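Take a look at the structures below.
Next come two complexes, and both contain chain A; in the first it sits with chain B, in the second with chain C.
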Partner chain A sequence: MEIHKYEKIWLAGALLLIVGFIATVSYGAVGAGIEMVNDEGGQVDPASLEEHPKFGEPGTYQTGENEYDVYVIAQQFSFQPGTQQPIRVPAHSTVTFHVTSADVIHGFEVVGTNANTMAIPGQVATITVEVDEPTEYGLLCNEYCGSAHHAMEGRLEVVPQSEWNESMAVN
Partner chain B sequence: MSAESEAEAGDIVSPSESGSEGDGPPIAEPESVDDEGYVIGSGGSGIVRRIDHDDFDPVGTLVLIAIYMAIVGVMWVFMYFVEFLGGDLSVIG
Partner chain C sequence: MATFVDRYPDEAKVVQASFAVAFIALGIGALFGVIQALHRTDILRIIDSVDYYTLLTAHGVLLALVFTIFFLVGLFTWAIARSFERPMPDIRLTWAWFGLMTTGSVFAAVAILAGLFPDIPMSADVLYTFYAPLQAHPIFYIGLAMFIIGTWMAGADWFLAYRGWRSENPDDRIPLQAFMVLTTMIMWFVSTIGVAVSVVFFLIPWSLGLVETVNPLLTRTLFWYFGHPVVYFWLMPAYLLWYTVLPKLAGGRLFSDPLARVVFVLFVLLSTPVGIHHQYLDPGIAEGFKFIAMTNTMFLLLPSLLTAFTVVASVEHGARQRGGEGYLRWLGALPWRDPAFTGMALAGLMFAAGGFSGMINAGMNINYLIHNTLWVPGHFHMTVGTAVALTMMAGTYWLLPQLTGKTVFSRPIGLLQVVLWFVGMVFMSNAMHRGGLLGIPRRTAEPQYQQFDFATAVGSIGEIQAQIALGGVLLFLSVVLFLFNVAATWAQDRVDTPVDDRIPEPLSPPSGAPLVLDNLALWTVIAIVLVVLAYTLPLASIITDAGLLGKSPAFPVSVSVQPVVDAAISAFASVSPVTSAEVQPIEGVVDRLAEVIR
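And then the complex of A and B:
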């Protein structure tokens, strides 16, 4: 089959784009260390979260020096914690969010950032992020979850190290 | 008066009478018009000019595709390296 010389040029260009896309995503995973959300968080019984050792009392737990776990329950139509009272973590720390749902599928998105996961009943999603300077982020549900989905939101406060105190952590 | 107006209805106007003068569109040679086996909706099959395969030279299309690819490439680099990798709270575990 005879292929026109211009067609060869744009076929090669299209292949180069595809190779470039795959190469950049591979770089993100290997070089920049971007992780996907997986099933490492394990499973829980959504009907008895109050009996769970951590989800029974959701909030921020200190697990090491500058390392914190935050357990969050998403439910119609709030994050607990997050909506009634903000999630608080200290600045310049590594934070792992453990997110699950007590009823239907929700989303857990720290607005304007890359921290974003689904909250699935029975499944715990874990995402680890590094927070820097003190600031305040919004939280929102990005999976339609019912009549008041649009009002399901919350806050994440990154508190200065100097203002951080034990009462902000559950343990 | 032009040659066309002199021709009676139904006459074939030959290029020698009208094609060389006036601003109207050129009229094909009657011999080159293939009106046998003509399928409605298809173009006429009269060959006007025969060129080799690579003599077809759609340089405008080539430039347009080059511009599209450049835009896609720049947008990809911006979206991935600036907006995504440069964003806050990247998931690292």
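And then the complex of A and C:
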């Protein structure tokens, strides 16, 4: 097959671009350590979350020095915790969100950050993030979940470590 | 001089009917689009926010499925008849698939639009993606199934035409346009299996109450098995026009027939085993499968990058035939007054920009930042919303005269219309991309929150919203002008030579293409093998984890939102706030929920 010289150059450039993209994404995964939401969260029965050892009482659990698990239930049209009370985590800590849904598919987005996941009934999404300085973030549902989807929001408070106390954690 | 309608009058009727359905859907979809653009930017709210989701579902289904695919079946019928130089095998079969697709579309549209009328106990506010366990009325799913089966029959019709042609031309190369149609349909047959299984085996029985539960991750994964190839199904008619018509309009001819075939074969192979890239942030799918989908997606850039070269080279050749010279001065020699040329050229230009934002979406880890934000509709309004839709509108200015024997009513209006679309989309999609980077969500009637504000580094939220609204209004005006021009063309009298419908032979003829490219069976088998490799393990794992039918009961999209809102309000009201500072936002939420009732 006859391929024009310029077209060969273009083809080589295109392949280089593609390999370059794959290399940068791979670097993000391996070098920068950005893990994808995966299947490690396991499954839950969406109809009996109240019987779950953690989702039965969702909120912040300390798991190690400066390490916290936050269990969040998304449901039409609130996050629990998040909407009625803010999610609270201490500053300068490693936080793993465990997010599931009690009804339909929702989104869980910490506004202005890359902490973002789907909440699918029956599945537990886990994302680990580093939080630094004390601040407040907005939370929102970014997947259409029914007629009042636009009212589904909340807050995440990063509390100064000096103010952090046991009452802010669930356990 | 005879044109298409004289040579194939029966086929021309089917193509005209398909275009008519497409354009009706375009008009309704565009009207709903501008209402949404003004609503979500809080510039003009003439509907309740609950109805926003009804209009959004209709906007997605009518534009992304009905408009694009009815245009496709019309265009492909035209391409098959003219490139095989023979009528369809049995015009009754052709009308049968047109009838089935139209009936299915009407069913789905009725189920959706009934959501606007509280007295009708029917609703399908599940959006174009219809993720379970949100549940629509069964008529919605049944209509979708009929629509898909209609497209299968259309594909069968074109393959029967191919068989008839092949029996009389055993040694000829498949004509290029027919090759594009057949390869696109192979991709479509392979990829629609996913959505057909999801709808027919899971969602229809579940919506009828025959089974009680679904596995939401399974139906979602089956949707995206189809949901990425469908974007190439939208795009391939545009590619067909860019490869075979645009060079002619530019005054030249296609650069290379063999490379055009290579590109379409690559789409057959790579379009389907990539759907999981829409599920980068889904739990229940291992990272490895996401990585495979990511690499396949990146390689899928290759046929589009090759297309960019071939199409630009062909257009440049056309410009030089018209006397164009220099490195870039030849651009001035192009027929910019021709709406068909200018529309397609602008569509291709915007596709390049849309391609770059798509590369961000495909980048697995950077996708966290923009997933389900306004960035995503910003992206696909450049691709399907411009590369495809604008090419289809522009192509109409060249095709309609062949189908009707009538000249285009007004070329200046046509030119204004395509330019207006481009300008409107620059405003709207650029602002949507920026809004997405700030975290503004997609698919949300009122993205204004009580508990926080979006922070902007450059510009302001108000300025972004103004651009979105302005763009939406320009796009709607463009559609109004288009529909007027088309209707006025249809109303004209027939003339002898409405348009120059000849398509010159490519510079590099098909004889240079390896014969293996025309081996459709081989490419089908390889495509299926790639799909099996990409999907067997993820699907097996999803089914093992939560069962074939899952554990999720139905959450019907309520005909009346009253019970849902009552429940939500009582949940809020029962809270005793920890501090007085929190009273304010909670009351705000209750107020907004109360507004929803109205």
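We adopt the following convention: the second predicted complex is superposed on the first by the 171 of 171 C-alpha atoms of A that agree within 3 Å, B and C clash if a C-alpha of one lies under 4 Å from a C-alpha of the other, contacts with A are read in each partner's own complex, and residues count from 1 in each chain.
We adopt the following convention: contacts are C-beta pairs under 8 Å (C-beta built on N, C-alpha and C of every residue); 3 or more make two chains touch, one makes a residue touch a chain.
Computed from a predicted model, the values in this text were never measured in an experiment.
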item: Partner chain in contact with A:Leu140 - chain B first, chain C second, else both or neither; value: second
item: First, second, both or neither for A:Ile120, with chain B first and chain C second; value: second
item: Which superposed partner A:Ala12 touches (first chain B, second chain C, both, neither); value: neither
item: First (chain B), second (chain C), both or neither touched by A:Thr96; value: first
item: Touching partner for A:Thr128 - first (chain B), second (chain C), both, neither; value: first
item: Which superposed partner A:Gly41 touches (first chain B, second chain C, both, neither); value: second
item: More chain A residues in contact - chain B or chain C; value: C
item: First (chain B), second (chain C), both or neither touched by A:Thr24; value: both
item: Overlap of the chain B and chain C footprints on chain A, listed as residue numbers; value: 2, 4, 6, 10, 14, 17, 21, 24-25, 28, 32, 34-37, 112-115, 126, 137
item: Residues of chain A that touch chain B when the two form their complex; value: 2, 4-6, 9-10, 13-14, 17, 20-21, 24-25, 28, 32-37, 96, 110, 112-115, 126-132, 137
item: List of chain A residues in touch with chain C within their complex; value: 1-4, 6-7, 10-11, 14-15, 17-18, 21-22, 24-25, 28-29, 32, 34-39, 41, 43, 45-47, 76-78, 83-85, 99-100, 103-105, 107, 109, 111-118, 120-126, 136-151, 153-155
item: Chain A contact footprint on chain C (complex, rising order); value: 49-50, 53, 56, 125, 127, 131, 133-134, 215-217, 220, 255-256, 258-259, 279-287, 290-291, 294-295, 298-299, 301-302, 305-306, 309-310, 313, 359, 362-366, 368-369, 371-373, 438-439, 441-447, 449-455, 508, 512-514, 541, 545-546, 550-553, 555, 557-558, 561, 564-565, 568, 571-572, 575, 578, 582, 586, 589, 592-593, 596
item: Residue ranges of chain B in contact with chain A within the complex; value: 53-54, 56, 58, 61-62, 65-66, 69, 72-73, 76, 80-81, 84-85, 87-93
